[in-house]
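Look for chain A in each of the two complexes below; its partner is chain B in the first and chain C in the second.
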Partner chain A sequence: MRSPLVRQILILVALALAPGIGQAVYFRHKVSWQSPIPPSELVTVDQARVWGKNVIWVDARPDDEFASDHAPGAISLNEDRWNELLPQFLAEWSPGKKVVVYCSSLSCNASREVARRLRKEAKLPDVFVLEGGWEAWVKKNR
Partner chain B sequence: MKTHIVAFALSIIISLSARAELKWEQTMIELHPTPADKQAIGHFKYQNPGKTPVHFKSVHASCGCTTAQSQKDEVPPGGTGEITATFNIGDRTGTQVKTVTVETDEAPNAKTVLTLKTIIPQQLEISPTFVFWKQGDKADPKTITVKAGKEFTVKHIKVTSSSPDFQTKVEEKGNGEFQIDVQPQETKNVVASTLTIQPEDSQKVFYATARITNAPTIQ
Partner chain C sequence: MGSVGEEEQMKQTPSVQRPTPNLEISPRGATSNIKHGTSNILFRLVGLVIAGVFIYAGAIKALDPVQFANDIDNYKILPWPISVALAFYLPWLEIFCGFALIVRLFYRGALSILTALILVFTLATIAAKIRGLDITCGCFGHASQNWSFPAHLATNVAILAALLALWISSRSAKPL
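Let's look at the complex of A and B:
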């Protein structure tokens, strides 16, 4: 038979856990629950720089942000105009090229989605997401 | 002892509920737009059951594809209103989850995260959306598989190549599945074609790309 103290502790622990478990079930589809990008699909600015001209830089940010500023030679490919922009990107792609997708790192998931679609829908190999996004690129290059 | 536990639990619940003055009808909305819809709009309704006005400090969407607007800056006691979240679908597919963070002056760190979940219907699933041949490759046909989405019935599709350099042939496999064989005339030159795929009796158009690419990059 359990002592009253153990029983009280168990009740308190159950009470403390209940809201957390409830939230975990209710918000299971929220963005924050997505699994992190596997390290093999991430690349840093320095790593991408080593690849030199063998890289296609893809800017996944909205049109206005791309128009405002972007990495030299970067191609705009966002999901607002995916069908229109994808052929323009594919015109630059050739086997052996590596693709590095970036977006704004501030609360932005666009580069991850664009990279996923290039891999899954277009079946392209060597597609990476830039760690730190546009802000990391600016920090290293400006 | 039981009384102590209940009192402890109640005090936590009361202290937590006393902090939140704006009462939200729901903080998560699931939307099911039609294939023709350009936007999905969620209305997050709230009420101020407290005795003091609540001011919005900021309303911030998690993504550039989503905008969020508050009808008013101040909610008087007993007042009601809503935050309107508009998600621009664009060419996105699948399930999209976007959040709107609402910050008020009701208490320190009083932030509410509103979640807009949009299930975008996918009439056709195309795989792959890109077929290519390297210059000098044998001009063999390559296959694109097209499958009707779960909620759709597609009996026939029409495929058009934007360039005569590529020929297409559609084979109906049944159960809403189709096979498109794409074949270049030759692979000497770098050429490309946009393949337009349209279900019968539908205005919606889907795309795939066929291309002869440059020789592989030497690494």
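Let's look at the complex of A and C:
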């Protein structure tokens, strides 16, 4: 027979499963189990290129990386200087424009976080994360 | 307990006081009882505060599981699908354990789970710092977004110390 402590732990662990599963069902359309970024919020370099001048490129990398090189016309907007850089970005943005955010590579988080904040805090629609980040952009354009 | 004769006498004369057992409480015993009572109240308060902390932390993360999944993923320890599964599950585990501490049901089970959780969170935070990851802990959702590493660590260590104190007190109190 299991000790009372183990039994208590198992009961609590099992109890928490029910609302957890319920929430997973409720949020099934809001989160992807395959990738941190839902496919609808991800865009490739080729797809973004098709949008032409209707795109604002946002560089979410640190200042020094932006200073060394960036996509033509890209606006720097990173979390380190968010409050300072956001007004500059918003001055460039206009309704109907699509925003494509990139960071260093496929594994970086900065673009995802900046895109999330633009959607949530600045309430902007059509904000996308560039698949493969700056590395992918360089491969396609240089 | 009084004898049958005493009971009869009391029925006949209600004003007669029931004899009290001749137990004298020594001053040392009384002080010890007061100290014991005070420490019990103190531990109960600590338990309530810890329960509140975990219920709050769980609730704030349960409200935004997608963000919590991203916070877990930022540690770069687990694959994304596991981060998502934990983001849906862990907040509820914290909430249930918090309530278990308040109602003192499955008390030690809850203490064990919360101690294990805080240990894992602390180790993950230290590992992230060592690997040079500049991330938010996600412990209290976006409320902890701007916490520094020492603040995270101090909070976790304080909670761990409180949990250990509750563990020690529970060994003498014998809750469920």
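Remarks
In this text, the second predicted complex is superposed on the first by the 105 of 142 C-alpha atoms of A that agree within 3 Å, B and C clash if a C-alpha of one lies under 4 Å from a C-alpha of the other, contacts with A are read in each partner's own complex, and residues count from 1 in each chain.
Simple rule for what comes next: a contact is a pair of C-beta atoms (placed from the backbone, for glycine too) under 8 Å apart; a residue touches a chain by one contact, two chains touch by 3 or more.
Computed from a predicted structure; not experimentally measured.
In the superposed model, A:N109 lies in contact with both chain B and chain C.
Contacts of A:L15 after superposition: both chain B and chain C are touched.
Number of chain A residues touched is higher for B, counting chain B against chain C.
Of the two partner chains placed around the shared chain by superposition, chain C is the only one that A:P36 touches, whereas chain B remains out of contact. After overlaying the two complexes on the shared chain, residue contacts for A:A67 are found with neither chain B nor chain C. In the overlay built on the shared chain, the residue A:V138 is in contact with neither chain B nor chain C.
Once chain A of one complex is fitted onto chain A of the other, the partner contacts of A:G96 are limited to chain B, with no touch recorded for chain C. Using the contact criterion defined above for the overlaid structures, shared-chain residue A:V50 touches neither chain B nor chain C, since it reaches no partner.
In the three-chain superposition model, chain A touches both chain B and chain C at residues 4, 8, 11-12, 15, 27, 30-31, 109, 113. Residue ranges of chain C in contact with chain A, taken from their complex: 62, 65-67, 69-70, 73-74, 80-81, 83-85, 88-89, 92-93, 95-97, 100, 106-110, 112-113.
Of all residues in chain A, only 4, 8, 11-12, 15, 26-27, 29-31, 54, 61-62, 65, 78-84, 86-87, 90-91, 93-97, 107-110, 113, 117, 121-124 touch chain B in the complex they form.
Within the complex formed with chain A, the residues of chain B that make contact are 1, 5, 8-9, 28, 62-65, 88, 90-93, 95, 97-99, 115, 117, 126-130, 132, 134, 192, 194, 207, 209, 211, 213-219. Chain contact summary for the complex, chain A toward chain C: residues 4-5, 7-9, 11-13, 15-17, 19-21, 23-24, 27, 30-31, 33-36, 109, 112-113, 116.
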